[in-house]
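Down below is the structure, laid out as structure tokens.
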Amino acid sequence: MLDMRKPNRIRRLDIPSEGLVLQPEQLYLGRTKERTETHNLVPMIEGRSSVGRLGLFVHVTAGFGDVGFCGYWTLEMFAVQPVRIYPDVEICQIFYHDLRGDFTEYASDKYQHNTDIQPSLLFKELADDKDNDPQLELPFGMERPEA
Amino acid sequence: MLDMRKPNRIRRLDIPSEGLVLQPEQLYLGRTKERTETHNLVPMIEGRSSVGRLGLFVHVTAGFGDVGFCGYWTLEMFAVQPVRIYPDVEICQIFYHDLRGDFTEYASDKYQHNTDIQPSLLFKELADDKDNDPQLELPFGMERPEA
Amino acid sequence: MLDMRKPNRIRRLDIPSEGLVLQPEQLYLGRTKERTETHNLVPMIEGRSSVGRLGLFVHVTAGFGDVGFCGYWTLEMFAVQPVRIYPDVEICQIFYHDLRGDFTEYASDKYQHNTDIQPSLLFKELADDKDNDPQLELPFGMERPEA
């Protein structure tokens, strides 16, 4: 079970050339190969219709990037039915909205300048004792027993 | 089973301080604590990436508010995997689009000036006899046996 | 199982007047009765909140139409819980974004000028031998045994 207050168990998967079958009722986090840097627009990500027609979501009502976001995009993937995917397939697109008025660029260290897939760091916000939580040290890619 | 033509069975849940586990294959309607009032822009709601990375949708392809909408936002929540949520967590954000040309403000009494979570009122549009449907009297929060 | 590299098995369903129950863990492709033609804006599709409150997605992170797209919209429908739907119900809406700068209109023959529901044609892009793939001849509406 996932928990908003905890770093959740993760396991790293590679997509082999013969494909990987994504199963329903399972969240998969992915990462774009492309890195983007945006300073005066709001970047948003959306899937391609050819991918949506296979029942594969590429984000979970979280299409926004922040103004000022620099890094790789973590994709939240969910398959309605089992679907076989392959490496190097173009599955999403980024578009940009103009801004009106003043704005402050994203300056949080939460997801900025990332180089890897990033699971939710919501637990950092919700921690009772933010300065002394050993769970904050969890490096992504290290598997943990379920809490 | 849900039905477009009927007021559907609902049950009210509270989120206790120790959290509530949302289950997959179950739709949960929620309500923002914040009330908004918008008169010359199109408000839209979207989840936070920290919440999407836990597999929790906050709307079901229905991010739009109407121009002129005044009230609390009903969230349509769906969890890809079981996830424990807590009260008072910031889970979504509202953004605004400019409009071009003339527009008419939302004037329907369907969801306007609401103060509570609102289940779908689509059955009101689809009723064969709109003036004489005893089901229209269902107050939200009252549980009914499944039709 | 669906597969990005293959034309996938499809079966045609009609919505009878007494309704059709959509089941979870099943992707349903639909088609709008309305045809649109857009030349200098970006069309996007979104569901109605009255439909989202029944747990029915109308697209799968693929709300975009292309600039220059002419045709009927294929809907990607997914139900969180079983839901009975009926013919002739208004379930979605199209909105338009302005464009900045130069643009090229959609000119692919993949989904342009369609007249029917269109399953994913991603396999055309991914075919090893694009000129000699007998699967390309699959007409929509013809059922095939699962590959």
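First chain written, first letter: the chains are A, B and C, and each begins at residue 1.
One rule holds for everything that comes next: a residue touches a chain if its C-beta (ideal position, glycine included) is under 8 Å from a C-beta of that chain, and two chains touch if they have at least 3 such contacts.
Just so it is clear, the model here is predicted, and its values are computed rather than measured.
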Overall pattern in which the protein chains touch one another (line/ring/star/complete/other): complete
Residue-number overlap at the subunit A/subunit C interface, same or different (half cut): different
Angle (degrees, nearest 5) of the CA superposition of subunit A onto subunit B: 120
Gap in Å, rounded to a whole number, between the CA centres of subunit C and subunit A: 25
Of all residues in subunit A, the ones touching two or more other chains: 59, 63
Footprint of subunit A on subunit C - complex, ascending: 1-5, 8, 25-27, 29, 42, 59-64, 74, 76, 78, 100, 110-111, 118-122, 125-126
Subunit C residues touching subunit B - in the complex, by the definition given at the top: 19, 21, 24, 46-59, 63, 80-86, 89, 92-93, 95, 98
